[in-house]
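The letters A, B, C, D, E and F name the chains in turn, as written, and every chain counts its residues from 1.
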């Protein structure tokens, strides 16, 4: 089976730079996946993307060196199965708040006897290769999003679930859930302490600690804190910013 | 009929900052059109965009303050008519090299008696308003792309064609056509002289002088040279750049 | 944040005329939203519409004075969140039969601390404006469809749930659920009594009473009964009718 | 090969009621094609429809008793061939102004030795049946749109072209081309005389005389004048009207 | 209401040959449905197909003699309702493991008083006919996929649920669930015995016994065993095979 | 720039097995491109494929070892440019009948100074690599379809046009153009002689001789005749055949 960069880099002790795709376009996905990201995540939760578009984006990413991951809209086993069948090499699942959630997530992502994923890996076979059926359980990365106070409180139990490869902190929702406004790099001591503690616990288990960041500088900071997988902003936000800057720079030419 | 920013700003003596859309996504189009651009151009020549996607993008832009323009794939009257029917308020037509080309372009964009545009302004009516049939000829902007040596040589005649509102220099193709490599802001004296001369001639006729630029700084430079309508880079190139920078900044966090 | 016509008109004591979109087409959506409807609802339950199409329709409606609402396929929090992120200013949720259902609906539609909506309002920000994160909870309209006998029996409790802005009677399903054939304006005394009682209870709470109607005349009748939000038929049914009439009128010309 | 209603009804001396599809939606197309139209025309000139959508609409119409026709965006042989390959049983070609135009149209629509249509009838075979290759030339209807003064002046020669089955008057463009505002049922004597004369000449040749009409009443009038094929308005206009009426009727309920 | 081939053939004691569609293309669907299949199933579980594409495929199949069925991604009542509204004449529901699952499935597929399906049969009416509302409950086929050990163990109870028309064995998942590798025609005695026993029990109840098979030969074998509905491979697998063979045969020409 | 298999294999004196894609589906395209084809051609002439779908198919093929080619609908320079910009590594252009046609084809496919292709290789850069602008002229394969008697008569002159890499015989249209029924492997001596002569002439010029074939056996025969590039049937025909066979084999199980 084709190598999963997330696994390979983590095994080598190297951080993973993960791109975030919320614009529903195969061309944008392909273009971004060529910019040096180790993995890219098709965001089917907050992204403006349905199944047909996600499929096209996964195909587009498949022609690049980047590994395709998907964030489903929720812990919906059938939806998760479909994204895996469509060739995603990993799932970043929102709103995992209990060990039961984590077990359900593993069940959705792994074939029996580990889980209950139904068999029929259409595009998975094409992208992954002929040994997909026997290798998928070992190759697919499963990350639980920790983004609620409950998720943080139950983190020990979540991390203990076999088949969970790591966590992915959703700082906006975590902050909101703790009673603050949604921010990626919160200055609130409570939020900062929770993120630090989540990082420590995950590293202690030898699992992957991932987190969403505002941009490249914030991602660099998270890497230096010890996070393994970082997302330096999403495509829409960065596109908005660079287009706004282009307008501003242009107007500077007006006498 | 709804105001065309290109016309309004030109009449006020103010430059027009025009965004360039080559990613086939209504969401990206809408997002970009909200960043302060006076107009945005759906690029159906080099953009990865067919009619269905262009329609969606025109609809998305319609909910923003930006005026939607389209670059068709070529001087194809039926195609141009369809983009106008779909609500485009202007046409930036590639490869206008002769006065005959310019006349054909006007013929495609204007209703009789000025031109031969067929009547049936489906979405034009919705976006433009009930007076579209009588006001379209006066409201729609027609720009001829000058991007070949022939186009440059025939510029006087092209500018003399009634119904042509101005030009839009395609510096990549012009440079290529003159025997140099494709560049937006060429340092070749021949190319620079041609662009300056085209600007001068167009201004002398009181028509709009537009040009594609690499980015905001280049656009500012073109405005200071006297260009009226500038495009500070396209969405794909700028997205590529900002995503590449995000990767680089992230990697800076690796010890 | 952009004004929600449903809220504004209700506050002013004026009825809301709501269009119903079941044809999956951005052009049809835009065209309909321009005909004077205060709001239009993209029907993702019985309409022939998936997420990608709903997104396009919401964008198309955004360029009109009409406020976009969505009916999701069911009480699925992740789906509801996605339609809100895509810019819907309200949810008309099918099959709300208990106070628990109503609470789950509010939880899906409101950010913490009121509910558990996850943060990431992609298109919401573009359509709603920069204050979307702080204003969305107060601006988005949440209507519970009362269309089962259980829903009718539990109406008092449903109306008592904080964050529910009102109800929307589904007369077809209500009739069917009570043992009669599906009809919008039933002549069955039991059904009529239930609808009247639901109206009375909702008005008593000061909440919005909405209802689906066969056509404009039926809608006028419901307004005169005291309903606040009425839907005068759906696009497919009305299009079917007018096209059938065009055929009939044409045939009248045959000697 | 499956029967072409246009041919069958014309041979029987009965008029053809033709629906007009400008909304790009397979569902709307199917719904309309079920309302009693003998044929329906997918309008790829002024309709908001690209090839992919036209294909879906042709498939949707194929499940109804109505015969599918297409209006291409212009006299483009490759485009016409593609719509025929996609299963259209007729072409209503815009802007036929000379006998040369008419000959080029026949050439695009007919296989050798009559014309130069390239062989590869993908969906034509599925919809038409196994004898499509040998029967298509005899079964497909070719109508030339007469909608310019030139087209009217050259009508005799156009009608003389073998392989042209008839004409289809575009009254909006004809009116515009004659110097009047675009109207379907013009009261201008010049326009009325031209339409009458075109009808007379076409009937004299035993060919099909078709025309676009504002609505069913206008279509009935045209039938009584002797037109064989009438279009009682387009879907978008009729949908707009019926939706506007639904709003008006609803508002009548406001005290 | 239009006849459901599955019901008709089963009543006549004749087997049903069912095609399997996992390629998301209306053209492929139409083409396949013309090859003699009694029914075809749009696979929205493992197929690369979202709602929009499924709708197009159902429309395409509607123009053929084949009856359209859908496999939803899971036992999701709202999703099932949508496919029925879109014109599917049957549901093959994955992972039915208990009598409760079977009851929920019936509830999703049948209108009151039998089930709880919400009323609004958009395309169902077009494809099925005007009596759809009263005939759908009797015409739509509901098959429960038996593909887990639990499903097999609870088969008696599942078959006893009123409204379940039969079963459809998923041999890949059943095999996997029993601890073996996924195979359609397993040689494992345990799996073979389970399939035989499921067949026997289903026939004893007079219900439809269906099964997925690797290809036509395997399907012939299952028919001779007594299965009523067989699927001779899926489109993707068969296309893969025939294209691989074309390459191999071509290479045989290389000296 | 990424290697073009057509060029590489031809240079090595090895035949090229080319797949043919007429089903508009990225999944089918990807699946087929994985079956050992050296190249695959997206057929935008007779295939049921518009620009948006072709783009998706080109992206899907890009993740396989197969080289993507496109057949445009006709000799339309703007259309050809768009497919090249979208990443096609070759053009098989229909209906090249004169040296002028051939020159126009080269002009459309090559950048100045060889031709007049406009600069803006969006996806070409992503798929081809950063040196695309300077390497495209040398890497892109241009094949002229010889499929009319005129094309055959002018073959000498067509082959003499610089920038034409070879021919691709369209035996169906050639046969039809010569007065026979459309067949891939005609038994008519005139047609057979023309094909042999075209092969001889092309080989004499050291250019690529390609041809469409009914299936793998026919392709093997053409290779043994000396053709360099063969297409063993198209996807739709082969899928039709294999699905029909699956039905037939299944029915063999009926006692």
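As a convention for this text, a residue touches a chain if its C-beta (ideal position, glycine included) is under 8 Å from a C-beta of that chain, and two chains touch if they have at least 3 such contacts.
Owing to the predicted nature of the structure, the values given are computational and were not obtained by experimental measurement.
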Pair sharing more residue contacts (C-beta pairs) when B-C is set against D-F: D-F
Homomeric contact subunit C-subunit D: same or different residue positions, threshold half: same
Computed distance of Cα centres, subunit E from subunit D, in Å: 40
CA centroid of subunit E to CA centroid of subunit F, Å: 38
Averaged-CA centre spacing for the pair subunit E and subunit B, given as whole angstrom: 52
Shared-contact residues (touching 2 or more other chains) in subunit D: 24, 27, 31, 34, 48, 50-52, 55, 122-123, 236
In contact (per the touch rule at the top): chain pairs: A-B, A-C, A-E, A-F, B-C, B-D, B-F, C-D, C-E, D-E, D-F, E-F
Touch list for subunit B against partner subunit C, complex: 26-27, 30-31, 34, 55-56, 59-60, 62-64, 122-123, 126-127
Subunit A-facing residues of subunit B, complex: 14-15, 17, 19, 23-25, 27-28, 31-32, 34-37, 48, 213, 215-217, 219-224, 230, 232-233, 235-236, 238-255
Residues of subunit D touching subunit F in the complex: 50-52, 55, 77-79, 81-82, 85-86, 111-113, 116, 118-123, 133-134
Parts of subunit C lying in touch with subunit E, wherever the complex brings them together: 22, 24, 45-53, 73-74, 76, 94-95, 147-148, 170, 172-173, 176-177, 179, 181-182, 236
